[in-house]
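The following blocks contain the structures, represented as structure tokens.
Below are two complexes that have chain A in common, paired first with chain B and then with chain C.
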Partner chain A sequence: MDGVQLLVSGLANGCVYGLIALGFVLIYKATEAVNFAQGDFMMLGAFVTLGLTNAEYLHLPFWIAAPLAILIMAFFGYLLDLLILRHLFGQSQTAVVILTIALGFVIRFVAGVIWGHEPQTLESPLAFGDVSLGGVVLGMADVAVIVVTVLLTWSLYQFFQRTKLGLAMQAASQNQMAAYFMGIPVKRVQGLIWGLSGATAAVAGILFASKGAIDPNAGLLGIKAFAAAVIGGFGSLPGALAGGLIVGVIEPFAARYLAAGYSQIAPYALLLAVLVFRPHGLFSQVRTKKV
Partner chain B sequence: MMGAPLLEVRNLESFYGPIMAIRGVSLSVEEGQIVTVLGANGAGKSTLLKTISGIMDPEKGSVSFDGAEIQGEEPHRIVSRGIVHVPEGREVFPLLSVDENLSLGAYTRKDRSAIERDREMVFEYFPILAERRHQEAGTLSGGQQQMLAIGRGLMLRPRIMLLDEPSLGLSPLLVQEIFAILGRLNREEGVTMMLVEQNARIALELAHVGYVMEIGRIVMNGDADRLMQSEDIKAFYLGQQEAGQRSEKRWKRKKTWR
Partner chain C sequence: MRIQFKTSYDHDIRLFPDRHSLIVYGALILLALVLPFLINEFYIGEVTNVLIWAIAGLGLMLLTGQTGQASLGHAAFLAIGCYTNTILIEQGLPFLLAFPLAGVITGVVGAIIAIPALRLHGIYLAIATIALSILADDIIVLLEPWTGGVSGKFPDVIRVFGMEIERWTMPVRFYYLVLAVAVMCTLFYRNILRSPLGRAFDAVRDSEVSATAMGVHIARTKATAFGLSCMITGWAGALMGYYAGAFNNETFSLVISITLLMMIVIGGLGSIHGAFFGAVVVAFLPQGLSILKDSVLGSGVAIPGLETGVFGMILILFILFEPMGLYGRWLKIRIWFELFPFARKDMFRRQKSYLKTERLR
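And then the complex of A and B:
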């Protein structure tokens, strides 16, 4: 019984990591750069929702605030690419990486100025009470997180497989030059991917804030999500999600069964092991070009 | 073959980084023709194609297509005019299926039923692609990937197809097969082609008109049959020894255009 509860809360945490990792991988596949502000995107998405829906701010109904926040974050991601990142086209990857690290600082600072540095709770209808299933008591929030993540993943999968734009996004990330030759407007497609990763981050943020209080430093858990993305294989969307789940599940079990000092490093120990034994990650899609 | 040519390049100059890769190239392609540009590595052939398809911007000169000047336009605008570039080295989308690769070839088109007809046409010309249609393109052999790249180009129903060294890295037998199909496509479907090649013999057998490019310039041009008979082409591109009475050594010969 105990094990099931640990597993569910681990999976719920893992879903949040997985969604942030998904954002990492989306950006990485499209632009071959790592967006180190992805965790801060998540935090910002949570605070935007909180600002729209909490009583002391705009006090909109949650079911309006949440989609609105997702839209705002999608737009934020797209604008970021349009106004800043596109101008780094042709620069080294390092420039983009440093820029996103700096961007993370800026977002944290701005969020602190607007919403304060104290932890706050999102008034989310996902966060009420517990459900009891055959003697196992589960947090409602945990169940909601898992369900939403499954739905989002499924719709992303459908989007990438079935729509023309989704196919074009895959094409642009697999072979940018050839995508140009097909008449795909690659830069705009990349902007849309930034938008998509902003939206995913917003969903992750709403889910994360439904599980507990948030403060502007919440984005630092992006580092764990980064580890998750590497464990799953940095080029693979299902891998990112799986990596998130693995990290999420390991945490509570390690906290329960290992000595205090060891539990915190468990995800990173796994990261090291994966890097040593399967450097492309557990679910990598590596295909070398035929010559 | 009357009126203005479909594609006309005038005094084009293009830089590859700091290097001037094209130094004033002029050529024209009539509708329905196959025009080949021959040249060794580094002659600027690929740069020429990339400049036409908008991946690179020219420094000077003009490219006009169907009466409109298109130099410096965004690549996706040029594709929607009906110019498709089949890149060197079979740049397919490795993790997508053959079918999906073909669909992307028609990315700028909207007429669904016509797209499906063209897909069937591609499968007719390249039956192996029909067999492998659900397979990931990265798992195809080199020759099959080249066929896929050509088929994907056809999916645009292009007004002109720019082919960058389709023979690269393929066995002689496969090269024969692919060039035979290119010839059929030109005769049966009326596809206009501009073909860049190092393999001069097979390119001249296929093409109607040929240009010879060396270090960024066109040094010779004319009907393919005439070029094939030219002593210079024979010696430097077809590798034939002349059995002349003096039997000069090849390394002693000077190219007449130098």
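And then the complex of A and C:
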């Protein structure tokens, strides 16, 4: 029973990693850039919700505040692309990497100035109550995290496979110039994908904040989500979720069964192993072009 | 306006392109040599800090600026250099042997680590090196018998030819030591650029496909770049250990790696000057900010995260408006004056490249 309990709590944590990893994958899928600030997006989304919901700030009902926060973050992502990232069009990917790292610093700083550096808790209706299932005790928040993550991954996957816009996004990433010639408004599509990843980050943030306290450094969780995205294969949405679950499940088990020093290493050691043996992740998207 | 009139192919690879630059750099060295007589010991310490950062920057610049491989894990190599140097000296090796050896060992470790990483492109290499930087912290704790774990280590006084060098009691001597290493590293870097290997680095950075077509062995070139870069970084790490006076697992964190990468971007990627300019910014920014904060808000007001926040904003502005960094700006101003009134705005316009997927190869 102990193992099952660890497994379930690991799955719930893993879903949060998976959600942040989804944001990475969205951006990568559509622009082949990596948004190193995705963890900080998540933190910002959590704080925006907190600012709208909590009694000492705006004190809106949670079910109004949550969609509002998602909208705000989507707008934030779009604006970011419009004001900053669009000007990098045509520069190397390293420039985008460095830029998003810098952006993460700035977001962390701004959040610290607005909401302070003390850990705070979101007054969320998801945060209370437990569910008991055959001897395994689950927090309501854990259940919500798992359900929302699976739904979101599934719908994003369908979006990329089925809709015109999703296909346009994939096309824009594979060859910008050719996509442009085919009549895809590449720049606007990129703006939309940044907005979408902002919204995903907000969902991740709300769920993360429902599970515990948040502070401006919560964004550093992004590094673990990053490991998740790589393990899953950077271009694959189900892969991101799977990677998140793997990292999430490994953590509690490593902490339980390995010596103290070794347990923190486990996710990163796995990351390196995956990079060495399957450099493009477990759900690889790399294909050799037939000539 | 200077005109370089080239009469032989050797002119292209001269250490100094003309007499003018020989005079300028000679004067610079002279100024560096007499600096301890001009400013007091506190500022000598600060200049030493700048030089150490510049050496580390040169190391990363060789990899990122010349070969085009972004690494976010160079703090790990600083740590390897620092610990190796201290451990070798504890084993009884003289400084003059231990210090170069520390760099070489770091370089070899770097090259070994690079071999699996070489199969990785752009961002994947950055990811692998991030993991390395995070792992370094934990590995140092795990290797406690050698590294001293969380309680850390204290480097011994440096002894060279019976002369003692210590950072706090004899900052001027330490300054000369660091200056000597900095000059040697710069010359080493400059000479690599003049060699076929340096050309190969540039070729790999600009286009791997064309480099292969020209007969450059991509994997070997990248591994060499990684190894040489780590070697210089290892030396910087050893000096950083002496400068700090004490170090443990948290000294060389991921933040240091990121700072290092940002430093060379602000300085200007792909130039030796860039490493030095960036080092000046990184070393003096905290002091400048705290002076500014005290004068605006009054002393005693603490804003946590201010440094990294401002650093991030400066970096964003640089990437947006001056991707060539401080050195690029300096170059533009200089050329504007040299060509006056013929300088044109589009002289530095860069070719835009449009994204094509790396997932289909």
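Assume the second predicted complex is superposed on the first by the 291 of 291 C-alpha atoms of A that agree within 3 Å, B and C clash if a C-alpha of one lies under 4 Å from a C-alpha of the other, contacts with A are read in each partner's own complex, and residues count from 1 in each chain.
To be clear about the criterion, contacts are C-beta pairs under 8 Å (C-beta built on N, C-alpha and C of every residue); 3 or more make two chains touch, one makes a residue touch a chain.
This structure is a prediction, so every number in the text was calculated from the model and none was measured.
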Which of chain B and chain C A:132 touches, first, second, both or neither: neither
Touched partner set for A:175, first chain B, second chain C, both or neither: both
Touched partner set for A:164, first chain B, second chain C, both or neither: first
Partner chain(s) touched by A:226 [first = chain B, second = chain C, both, neither]: second
Partner touching more residues of chain A, whether chain B or chain C: C
Which of chain B and chain C A:184 touches, first, second, both or neither: first
Chain B/chain C common contact set on chain A: 174-175, 177, 285, 287, 289
Touching residues on chain C, where the partner in the complex is chain A: 64, 68, 70, 116-117, 119-120, 122-124, 126-128, 130-132, 134-135, 138-139, 141-142, 258, 261-262, 265, 303-306, 308-313, 315-316, 319-320, 323, 352-361
Touching residues (chain side chain A, partner chain B) in the complex: 164, 167-168, 170-171, 174-175, 177-186, 285, 287, 289-291
Chain A residues touching chain C - in the complex, by the definition given at the top: 31-32, 34, 84, 87-95, 97-99, 101-106, 108-110, 112-113, 117, 173-177, 216, 223, 226-227, 230, 234-235, 261-262, 264-265, 268-269, 271-272, 275-276, 279-280, 285-289
Chain A contact footprint on chain B (complex, rising order): 53, 55, 74-76, 78-80, 84-87, 89-96, 100, 103-105, 107-108, 136, 138-142, 145, 152, 156, 169
